[in-house]
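Residue numbering begins at 1 within each chain, and the chains themselves are lettered A, B and C in the order written.
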Amino acid sequence: MDVRSQAPPIDAPVALDVSGVSHTFVAQGSGAQVCALDGIDLRLAPGEFFSVIGPSGCGKSTLLEIVAGLTRPTEGRVVFDGREVLGEVPDGVGMVFQEDASFPWLSVWDNVAFGLRRRGADAAEIKRRVDYALRFVGLADFARHHPRQLSGGMRQRVCIARTLVLEPRLILLDEPFGALDQQTRLVMGEELLRLWRETGATVLLITHGLDEAAMLSDRIGVMSARPGRFIATLATGWPRERDSQVVNEPHFGALTGEMWTHLRAESMRSIGIPP
Amino acid sequence: MSRVGVTRAAIVIGAIGVIEVCCRTGVINHLTMIPPSAMFVAAWHLLGMGAIQRDLLFTVTNTAAAIVIAVIAGFVAGVILNAVPRLRRIVDPLLAAYYAVPTFIFYPLLVAMLGLNRAPLIAIGAVLGVVAMTVNTLAGLDRIPRVYLRTAAAMRMSRIATALLVQLPAATPHLVTGVKLAVSYSIVGTIAGEFILSVAGLGRAMSLAYNNLDNATMYGLMLILIVTVTLINLGIYEWERAVHRRWGLR
Amino acid sequence: MNRRFDGALFTLAVLLLWELLYRVVGSAGLSSPLTTFAAVVHLLSSGAFWKNVSATADAFALAVVFSLAGGLAIGLLLGLSRFAGDVFDPILNALTAIPKITLYPVILLFFGLGMEAKVAFGTIHGIFPVIILTMNGVRNISPVVRKAARAMRLTPAQTIRTVLLPAALPEIVSGMRIGVSLALLGTLIGELFASDRGIGFMLIQSVEHSDVPTTMAITVLLFAVAVVGGMAMLRVDRRLHQGG
């Protein structure tokens, strides 16, 4: 399946434009050259929800770091909001990681306010936005608590609130629910959809979960085993106002089935089992 | 109190009681040791004496100075070594072997270099404490979860802001442990120095009392030293526990 | 090899710093690297030095035996009984925190001057890390391991020998490593006060005679032995931890 045929039309506005990105690095320890990504092309329309799914080690996280500006690709370029991303994180980008990034020495409220305070906003504005973000993720009653008193899912909601408060235009998520159990993941998926609709941001999500990708996305990019390249792109066609109940739709099963058809061989290859 | 607490109290009180009885009945020769009760009385009496108060002040101020130097120097050394991995690789085995070396052997040298005053005492205390602080500073910086640094980068924070607002708080539990150990070791260093060779201080007073066969004074001073040091260490230990709990490490 | 080069560079830097310090402080306080080296050679070739070494070694060896054997036995007992361990844990921590040096006069009064006092000094330093780390090593054995031992229906002796000791071994060995270093420290300190022979005695003698080169030579030798010994023990310790 050709990626480009599923991309937004050439003359439509593009929020994120990744062209010809390849990345090779030197592995620590062995000193061998590792090619993580091979010729990635990706164009996201503003406000689009795009998931990348692929086997372990295929380079998905590397792609996210390159898009964020945390890593410079050995080849290719990334353009966000019309400006090229060159080795530093551009303004308007929010990131949520798999590991718990909440700071244990700050209260929930201070955690959420952290990024906003660095911007130098005034106290009243900060209070307004932080209170709102906490209500949005349902943690208003826990504002004075500390992360150590919260569950894993709640801590991720703190991280989401911390991102929401900055009103990002591009939200990058690296398997944000990987550390949570399956049912919590589905519920958190709905939270993510609410966040997406609330901010109107473009979302790029990295995930392992077939149902997560199928449920949340407008489009899904299926990546091969290392070196990672897109082997298929699927469009889900869900309406914007969706929630986890799309799992009941017949199209849902078709999507996960199609993903698995592409991924089965790649996953086996990445583990070392000949397909 | 729990069963454990009661047993513990019983053991401690029992041990002191046994010693008291042995001393009073002559099982322990009174030239060797005086009864614990007499130690308390002597200590109380000594604390009222001007000369002892001056010695106490001498010891405490030297120890405090040694601790401050050890903590600051140790922290700075840790930060530098963390920033220059090449230097760290060379110094790492020395740091690991440091406490195997009887560092006090440098004390006579320090006296020869700095003179017989408070300087070598502060120096030996600092020298003993500094590496504990360095090692724990390094451990603290090493153990900062990578995701915190990526979060700071994602928020476009400058290097200084990241260091002060993320790295420093994240490393704090280990830094506090470093301070606890530096305090412990610095105390040992300064007091040991006073015993070996000194012009003043509780250690010297104790050493003099021993040489003058003045058991009452000697044991009284010993009690004062032990109680003071134990209280300081206990206080720091509780502070460390509180910090670790707040950071969610306990 | 980069690391060897860096190491050599570092040693050179230290030697230069030493020479510089000597120029600043003068021969009343320090002696130059060259003078010290000459003093070291002189020491190593003098019979008196080796007699003192053997005196220290005798006391050190005994202190090590008492520290390791006593520490292991007490540590095992406290580790096996959860109750006993809970009771004694804070007591041990408090005792470790007391600067042993405050107890020296007491030990001198009990043991008099001489070998017994030195061995006692060495032992009170060396025994505590062995007790504490052995105790913790046994206590920290995962309950899963103990359950497995019960499921295999081992006798208590078999459990200790084949399951608990191997499981706790890395931590026990760490404790012994620290115990040996501290026993040396205690023995040397004992010789500073309580003896008329041994390396510590030589050291304080040279200070009292203002013989700076000898003071430095002894210091340097002790430092070298301690560092080499310490690193060797550390390597064993690390290998055990990696395997376990």
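In this text, a contact is a pair of C-beta atoms (placed from the backbone, for glycine too) under 8 Å apart; a residue touches a chain by one contact, two chains touch by 3 or more.
All values reported here derive from a predicted model rather than from experimental measurement.
The fewest steps needed to get from subunit B to subunit C, moving only between touching chains, is 1.
Relative to the centroid of every protein C-alpha atom shown, the closest chain centre, again from C-alpha atoms, is found for B.
On a Cα centroid basis, the chain most remote from subunit C in this structure is A. Spacing of subunit B relative to subunit C, judged by their CA centroids, is 18 angstrom.
Here the CA centre of subunit A is 49 Å from the CA centre of subunit B. Between the CA-based centres of subunit A and subunit C the separation comes to 54 Å, rounded to the whole angstrom.
Looking at the complex, you find that subunit C touches subunit B at residues 3, 6-7, 10, 25, 28-30, 83, 86-88, 90-91, 93-94, 97-106, 108-110, 178, 181, 184-185, 188-189, 192-193, 203-204, 206-207, 210, 212, 215-216, 218-219, 222-223, 226-227, 229-231, 233-234.
Residues of subunit A touching subunit B in their complex: 68, 70, 88-89, 91, 93-95, 97, 99-101, 103-105, 114-115, 118, 146-148, 166.
Listed in rising order, the residues of subunit B touching subunit A in the complex are 145-148, 150-151, 153-157, 161, 165-166, 169-170, 172, 246-248.
Residues 3-4, 7-8, 11-12, 31-33, 86, 89-91, 93-94, 96-97, 99-102, 104-106, 108-109, 111-114, 184, 187-188, 191-192, 195-197, 203, 206-207, 209-210, 215, 218-219, 222, 225-226, 229-230, 233-234, 237 of subunit B touch subunit C in their complex.
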